[in-house]
Amino acid sequence: MTSSAVPYNLNEIGKFFLLSGVWLGIIFGAVWAACWAVGMLVPQLILNAYPNDPCALNVANAIRLLTPLVGVMVFIPINAMYMVLAERRGLALFTVRKGPNRVGPDGFLQTAADAVKLLFKENINPHGGDVLMFTLAPIIFFAPSVFGAIPLLAAVTSNHDLFKIVNLPTGIFYVLAMSSIPVVGIVMGGWASNNKYSLVGGLRSAAQAISYEIPLVLAIITTCFLVGSLDVVNIAQMQKGTDNLASFGFLNWNFFGAGAIPHYLDLLMQGKLEGAQVVTSAFWSLALAFCCILLCGIYLTGACAEINRIPFDLPEAESELVSGYNTEYSGIRFAIFFLAEFTNLFIVSTVAVVMWFGGGATPFPGFLDANTFASIATPFNQALAQAGLPPLMDGQTMSGAFWAIFKTYALVYFAILVRGTLPRFRIDQLLDFGWKKLIPLSLILLLAVTYIRELV
Amino acid sequence: MFALVGRSIESLYQVARGLKTVFKHTVRPPITKNFPDDMPDLPGHFRGRLALAVNPQTSEHLCISCLQCERVCPDKCIQITSHKSPETNKPELIEFKIDHGLCMFCGLCTEVCPTSCIINTNDFEMADYTRESLVYDLKRLTLSQDESAHYFAKKELPMPKPKPPKPAAKPAAPAAAAKPAEDKPEAKPEVKAEAKPQDLPAAPAPESPKKEEQ
Amino acid sequence: MGDLSELATLASKHMETWLFYLVALITVPFAFGVLLDRNIIRAGFLLIGVFGGISALFLLLQAQFLAMAQLMIYAVGITLVVVIALMLTNPRMEEDKSPSIPAQKAPAALVGTLLFIALYMAILSEGWGNNSEALSPDNITIIGYSLLTHYALPFEFASILLLIALVGAVMLAKHDHFNSKADIDEIEEETKEISERNEHVVKV
Amino acid sequence: MSVELSSPDLKTDEMIINMGPQHPATHGVLRLILTLDGEICKHVEPVLGHLHRAQEWQGQNRTWFQYQALIDRVDYLSGMYTSWAMARAAEQIDGLVVPKRAEYLRVILSEMNRITSHLLWLGTYLIDLGAMFGFPFYPFREREKLFDLFEEVAGQRMMFNYIRIGGVLRNPPFGWFDKLKRFTDEFPDRIDEYEAIVTENPIFLKRTKGVGILKKETAMAYGVTGPCIRASGIPLDLRKTKPYSVYPELDFKVQTMDGDGDTWARYMCRIREMRESNEIIRQAIEKIPGGTTEELRKLLGTTGPEKDESKDLDPSFLLMAKKQNAGLRVKAGEGFAAVESPRGTIGCYVISNGSDKAYRFKWRNPSFCNLSVLPELLVGAPIADIMAIFGSIDVILPDVDR
């Protein structure tokens, strides 16, 4: 390549980041506004109107309970809209194109236009298909991802008061159980379409989901085992780094051995290790970190397969199965499938962030942490307090949300990069990879982590 | 076992190499253009919509109704109606129709045209709602004087010899323009041969077969 | 205001009861669907709904872990595999149109009724309607301890049973083992024939 | 090592799937009637003719001059070669000696055409393998650059109508050779990039290594030509084995692959051929008589175009050996000419009766012959490999159906 062929593409990159920033601002602003209104404003208004009335208190509490649901319901469609746009623009960046840039400023509203288009398209029922199942399939595909996301809300907002209610003690298990349901929707849709390509797509999806669920669950369970909790909030909180060396910033994440490395460094600095211990301890710490990185890798691979993304998008396999299970779908039902796919991508990324990348914790202590955000949030809160309204958001939650979003989208962009690079597996190779490589590896890691944990 | 680990590492390295190469493309500028905003810079020889040129200097219609293009067209998409002018006893153009729905833009008609009248323009945006509207008549086919001048310059065609003054010609009305150029079919090639060395840098499209032949 | 107070009282006292009826209202039609639907694959999908309803009941009983396990293993894992097996054996997705034989109806009804009575008696005799003591929300530990101490033997038996079922399924899915060599030959011959036919086609 | 998708002792029903003619991966309108056992293909029947346009019959009803505009639409991805085969057949009958410069221009443009064809194959093949969103755009980027160059010379991007009986249509415009030289300089780096992404990619290797093995004997028996047979290890390349045009003057190697001709070998063979074509172009630019257009003008002592009447002009600088006009006639006789197209040997057999129309045309189209080997490769392959194998053969459906 001649040197002149590498001028920097700052213009397009800048547009992409601007677009992302504005969209994300809109999304999370809207979500937070909705949550604030349902969870704080309305209950307060009710309580102000009927002070000292136990019934009003009950009603206010009942409304507060709806907050997570409302938040997720607002969040998922607009977030998927942004993700489609980000994927298209991101892929365009990787493939020296411009991507959608016509609708709205710089293609800002492209996916909104697409969504409107899909809503107004005709719903076609395939001849000989099972209409009831055909209609139910997208819903079954979509609904669990909505409900599955709820416990994560608590984790990424540092267990904010509004979301405490959804923090289950078996949080991660709940997410896993929910994320295993969508495959039913795919099989159902494939079967109800009365189309052989769809049927094959549905069957492939089932085979794939069942076989990749095992390494995925094993990877998560191993990590839960390492940190000793199934509670997502707990797991996220444990990874919160401090500026103390024993749990320094990002080194305290599960990704780096659940705090093994900073712990070792701390011991080393304090001179508590002697002779051979310096080496052996270092070795075991690094081994644990390595195991955790592998676990995270297994999780991401399995998650890619679970949500049917390249290189595991066999159920859709356009070149073979036309469009797989959603060949016959059109209009709003197709839109739901489409929406759910991106939502699933977002949710698996969030799970990875909560499980391995420290949830809402800042990677460097003191960098854009709760204090920084508190200084932003305080004026707003004061203004609201003067108007007699509840505070909008505290610095702790804001910092948590910011970093969780940042990390999640970093993973999403990585998925986009992978999508831009890799070809697709063949079904037998895929199952082979799952059963013969990933499952043994995850079992070995489970064993290894059991022992290494004691040795560190 | 070690072989497996080695293979896995090798695979991961190769995947990472691919990812890196793709990621590197982020900093390359896009090659796509915003089409209706930046029109492509098409070369003069581009074979787009067919059109009839007029003399860039005098705005006379160049067609002499020799019917060569109609005969050579592989798709038979050109239809010329002409009659013998009672005054000059020469063919006179009445109607010229090109069905662009049938045309395959092979450019043979422009190669055989003795007066460089029928040319391929750089226009390619011809989408329309009906097939009928793809049939262009003389009025839609004929280019303005400016456009003709533009294409003559761009395609580096020899300037046509201005017509001798004629008795009953209406130069502004191309449809009815009588073609009193008695000697045109014979004279044109010579005209070109003279014209070329002086003002034309490249080989003119329709003439090149003849020119190179010698 | 009066309405609100009633609602709140109702909610606080009988929330679980109401939710139970709601879940039952969803689950029971699914169960009937499983029994009555002549299309066996649709019946399979409805079964998933039934299991989902049951896991919701577990959730109401504060048994979160069991609910999730029920959902993951029964609803999605096992039933889905069954449905897929049905699809593979009946790829043309035909409904079973053959009329049911009347001679089987009476014994079936009898057996069904007896079974129902037996189950009902069993449930009644347990007397577990009275125990309203709430489970600890973090009851995974308790389940784990119970499985490995008090119920260790049944647990192991269950796993052996599953293993046997697995082996049996593999054996059933296979042809008669002794003929497999002949089958391979047969298939090879078939393939050869087909490729010869193809050659012919190409030549033409 | 791969899982046996269907073991002989597992009972499943057969399923007949109609792949195409409206299927995203059949590259047009091929229809494959597949009998599947699970995902394994047990029998395949290609159904041709959805795109039949009677190209031979049209040739007999069009004048030579008209037909050469039609003929590069048969194999629309490598139009140069079809025109070239026809032009050579006609020149053979007429006994024409094409000027050297025209021959060089033919070689340069047709090798460019080979690169564009292989680039398109590369992109679409990766789409067939599922790399749907990123990679395929890179080959297309280079292809567009070449098409821009084609556009300047021939007037259109794919339907060139550039090679004419007796020579070529026109000289490249000013600055064209420089642009081409710049392209040849950077193209090897681009291929390196493709290879960095694809060649050693573990998934790609899994999908292609050992898949769709085409043995030497089978390939010979079915008359497979082009990269498909070279990937099976047979160095059949008309540019070397039956040299024509100015290929003997150029230094290049026939790219063959060792071992079994699997899909990966076919992929690799095409990649190497692109590099080789790039080298050929580079050499041809150096060796072309008269040099670039600018040098030619300087040589002739004119700033304008080549002088028509100059008697002292070196005949090898000319572009045309025979007067090309609408009434072009070819002497009575018969001729056969074959050229090595990106897909294999294109043969053209013509009988002329001395009029302005040919008496009989007969085309030997590489895609058709290569496609005939498809059932042989597909039986026993899983459904996902059908696309990998079919794509690797690189057929163009209009070329198959004519």
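Letters A, B, C and D name the chains as they come in the text, with residue numbers starting at 1 for each one.
Throughout what follows, a residue touches a chain if its C-beta (ideal position, glycine included) is under 8 Å from a C-beta of that chain, and two chains touch if they have at least 3 such contacts.
The structure presented is a predicted model; accordingly, all values stated were derived computationally and were not measured.
Undergrad: Taking each chain's centre as the mean of its CA atoms, which one is most distant from chain B?
TA: Checked the centroid distances; the maximum from chain B is C.
Undergrad: Could you quickly compare A-B and A-D and let me know which has more C-beta contacts?
TA: When A-D is set beside A-B, the one with more contacts is A-D.
Undergrad: Please work out the Cα centroid separation of chain B and chain C, and write it as a whole number of Å.
TA: Those two chain centres are 72 Å apart.
Undergrad: On a C-alpha centroid basis, what's the spacing between chain C and chain D, in Å?
TA: Computed from C-alpha means, the inter-chain centre distance equals 58 Å.
Undergrad: Could you put a whole-Å number on the gap between the CA centroids of chain A and chain D?
TA: Here the centre of chain D sits 47 Å away from the centre of chain A.
Undergrad: Can you list the chain C residues in contact with two or more other chains?
TA: In chain C, 88, 91 touch at least two other chains.
Undergrad: Please list all residues of chain D that touch 2 or more other chains.
TA: Within chain D, the residues that touch at least two other chains are 15, 134-135, 138, 141, 197-198, 201, 203.
Undergrad: Mind pulling the chain A residues that touch 2 or more other chains?
TA: If we look for residues of chain A contacting two or more partner chains, we find 5, 94-97, 420-422.
Undergrad: Which positions of chain C touch chain A when the two form their complex?
TA: These residues of chain C touch chain A: 1, 4-5, 7-8, 11-12, 39, 41-42, 45, 48, 64-65, 67-69, 71-72, 75-77, 80-81, 83-84, 87-88, 91, 93, 137-138, 140.
Undergrad: What part of chain B is in contact with chain D in the complex they form?
TA: 10-11, 14-15, 17-18, 20-22, 25, 31, 42-43, 45-47, 68, 71-74, 104-108, 112, 120, 193, 196-205, 208-214
Undergrad: Report the residues of chain D in contact with chain A in the complex, numbered from low to high.
TA: 1-3, 5, 15, 17, 23-25, 39, 126-135, 137-138, 141, 182, 185-186, 189-190, 197-198, 201, 203-204, 206-207, 382-387
Undergrad: Which stretch or stretches of chain A touch chain C in the complex?
TA: 50, 53-56, 58-59, 62, 130, 132-133, 168-170, 173-174, 176-178, 180-181, 183-184, 187-188, 191, 194, 199, 203, 206-207, 210, 230
Undergrad: Can you check the complex and tell me which residues of chain A touch chain B?
TA: 5-9, 11-13, 92-98, 101, 417-418, 420-422
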